[in-house]
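In what follows, chain A forms one complex with chain B and a second complex with chain C.
Right after this comes the complex of A and B.
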């Protein structure tokens, strides 16, 4: 049974002023619904606004315009103004664990902060809970007394995950959790995340630029480009029948390791050009500078995100 | 047969002096690159890929200590050359594209100044200012960047990551003729830009008939750009074969583990990866350096370092699993 209004993002905009009445339009009208229990993959190049969306959801930024609601409650606010009970339900895992974990705090200290803040366990049960947390990410309990610089990158990221799930959240944002790690440890992180999702009934917003990874973990995929969603579809639809030219460009750029995978990539469009500056957006369709199919109408009027097939949305005239 | 090799590295052993001892990073690296051949080297962060390449260019850090080994380029032993001769030799023959285009370029000089500098120092004849500028324009055009004059007058921070990496490629190829070393050239870039940069490197190396060493930790990148591959682990090459063989029939447990841990577009499960970490370089255990992460570890692996064994034609693996004699000892 799905609660339809788990997270609802409506026309959210986030502009950063840079002086002279100019703005970096990091988010330029995002509409997205996330249902309870699903994994939504958010893919896009750097500069497309993925992380800004994550930070806005978490309350690190206040949206310039638009509405964000969590279980029908408005959360379009800075985190300081949010209810503690809502903050408890939403957690984030950052890209670089070396930056997101304090190197001068022992791991038990890092992990107990959310437990004490949200009063998850009484003080006398704290230690048992910490061991349980480490156990859930398959780390031995000696790690409680280590400092993060003395452990490997993959293990650090596991600690960051343990911290994120400590307060029993319902919703977790994963902001490129494996892109700073080697492939040999990536599998461990992803499999742990998927196991936790099942056990704790979590909902994920999974930000990444690795499409092969998305194919394996996401239920639905949203493609972002310059602050707007360009295509949104179920993972299966997305890879079998990509509609937007930008999606095809992304798919054709994936470095694959076998001939079977190569057959799945679209061939008709090749990567060209670069993402333009989010200050001076092109008029009309924002992808026009790189699109090989651009027609006259694309220059004047921006296409809407339309439902082309049930559950498959694309922002393109063709 | 000796003439066929452009670069040959034999038993290269390099330590780093650090507080409290020596990090034994390179532990007998052997590899070769033929003329006009494109070679890929893959391995985890910290396995010694960059140290090897820097040794070839003699750009090691001050605390690097060369223990033994031999590096020959063409018929010259470059470790025996004096600095002056080597500099003259290097600027004509070898070039490297570094990992971080943001750091590889000097932020306080314009792109034009930096490219002209390289051309000025690498050319035999003294070029006039106008000639330098003309050459710089040609170099910019050769990496498919439009509007050369504007770019030449820009500072690195005014360009995007992809453009900066193109400039680094331009700098590298502006004079070098023989060997291009690309050290993780796309790690800091987006997939779309990555595809463009790889295609550019591919195209340039073919056009100029240069040999290429492509270093990366992403297995997907080397599949279409290289002829032959080396897998590096903790300071030595543990597997070498043609690119096709590597993807279709990997033999070393490490290579197999790496390939298994990559999520596939075809879906399906992928493994937990390879548990554990690179060994401690300060006090490496005797024997195979992969022993603590290996699922098929045997007694002999803990005593003796495996040597390269030719399992099928041109497919070498350093692992006792394939050494029938080793089992019986």
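Right after this comes the complex of A and C.
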């Protein structure tokens, strides 16, 4: 049976003040539930607030408004104010592995911190556990005494993943874990992540702007645009029956290599325009500046996220 | 097992030495500095007239030009200049070591705290205090402090330290405010690490290379400043040998009895030069090179 209230995000807002009573509305009312054991893909252009949502979930930012709960416990707080037991359950893998691993600390040090801090293993079993961790991301034990600047980008990301899973968390946020890596190692990272998810019964929030990757890894996909979720559906529904014009636009911009693939893409809408500034949002629907179907009502009143089909939500009047 | 801790350390020390030794001038500087340290330690054994380092007067042999008996001549009291210069290395080096030992931990810890809590109350207190001290010329500040205190070696140490600590807190502060936003620091925060761990194990190791580089260069500056203080009579008092005092005594005898001023002055130059050359090598050692 599924634990329905694994992670619940209710109307979460995050505004960054930029002076003169102006705010960057990075998150402008996010509602999202993540069930235990699933992979939720979070897609959007740069500047849509994906990473801000991830950072707010992790406690790097305190939400301006709204509620975030983890197993019915309020976690809408800065990380410093959270319980150690909650920090143990949630971890994040950042986009750039060079920045997320301390270049002046040896890998055995980096990996042993979560183990010691959350008392996962007694000290005399530490070494064996470290080797086991490296093994789980398919790296040889020689890596224990290396510094991260001397290893490759893909290997660094594997170390970052090993650190994230070291304390046996339940929930892992993957913030574009492959986008800074060579194409040749992206597949290995994804396979390792999927293997670990199965083995450790993890729940993923997978942030990316790579739609074809989402198709392979995600159970459900949420589309973000200017701090709001525009469409939320199961992966199958999402690709076969996209409802929101923005989704269609993103899908039509997936690069294709063959005529058969071309046929699968929605035709009616082509990618155009730039994402507007999150400071001065358009009145009414926030997608109006780029939407070919915009009607009068779209200019005055913002549509709600409504369930159009079971499990398929869309923020559009049509 | 192939990769145990020992080979790991050996590799890293070897790599650092390789980077340092690529700069030949730094190796020369290091050699010179080691020789000067050895000379200071072994002063009673290698100097021909160890007694001349103290209270000794022999007016018959006063003010002799350099010759075979007195390599660098004698001062007006008939003391062997060479012996006195070698003995004067001791307080000079001791000053450098002690001042850095006081200044670096204080400046670094204050900089770490102020940088990590940027914008908070502690930051304002520490950094405004730093600004006040940085606003005064270091030599004037040291002169002011040492003129209040009794002229002894310990007190000139305190005076020079007062002038030097804010440079370290400023240096570390500026590094911390950029390093604390690195994802590895944020990762540790999210993991639940204590602030002490984050400050000293995650942030500090990434500040060390500029600190070390600045330390080698400042060692020379401390020696110059100490010499300046004793030149105006605020450092170590006669008859104990001190390079600055010797230059001051000799300056009155210039240009006829040039050796009394020139040799101690040249020793100061050698000391500072060797440290500056080492500083260049240390900087190269810590600069990350592409593998």
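The working rule: the second predicted complex is superposed on the first by the 318 of 318 C-alpha atoms of A that agree within 3 Å, B and C clash if a C-alpha of one lies under 4 Å from a C-alpha of the other, contacts with A are read in each partner's own complex, and residues count from 1 in each chain.
Please note the rule applied: a contact is a pair of C-beta atoms (placed from the backbone, for glycine too) under 8 Å apart; a residue touches a chain by one contact, two chains touch by 3 or more.
Remember, it's a predicted structure, so these values are computed and weren't measured experimentally.
Bringing the complexes onto one copy of chain A puts chain B beside chain C with no clash. Using the contact criterion defined above for the overlaid structures, shared-chain residue A:113 touches chain C, although it does not reach chain B. Judged by the touch definition given at the top, the superposed model places A:150 against chain C, while chain B stays out of reach.
In the superposition on chain A, A:215 makes contact with chain B only, while chain C stays out of contact range. When the shared chain is aligned, chain C comes close enough to touch A:142, but chain B does not. When both complexes are overlaid on chain A, the residue A:184 reaches chain B alone and has no touch with chain C. In the overlay built on the shared chain, the residue A:294 is in contact with neither chain B nor chain C. In the superposition on chain A, no contact is made by A:126 with either chain B or chain C.
No C-alpha atom of chain B lies closer than 9 Å to any C-alpha atom of chain C in the overlay. Put simply, chain A touches chain C in their complex at residues 58-60, 79-80, 84, 87-88, 90-92, 94, 96, 99-106, 113-114, 117-118, 141-142, 144-145, 149-150, 163, 167. Within the complex formed with chain A, the residues of chain C that make contact are 2-5, 8, 182-193, 201-202, 205-206, 208, 288, 291. The touching residues of chain A, counted against chain B in their complex, run 45-46, 152, 154, 182-188, 190-191, 209-213, 215-217, 239, 249-250, 252-258, 260-261, 264-265, 270-272, 274-275. Across the complex, chain A is touched by residues 44-45, 160-163, 190-196, 217-221, 223, 247, 257-268, 270-275, 277 of chain B.
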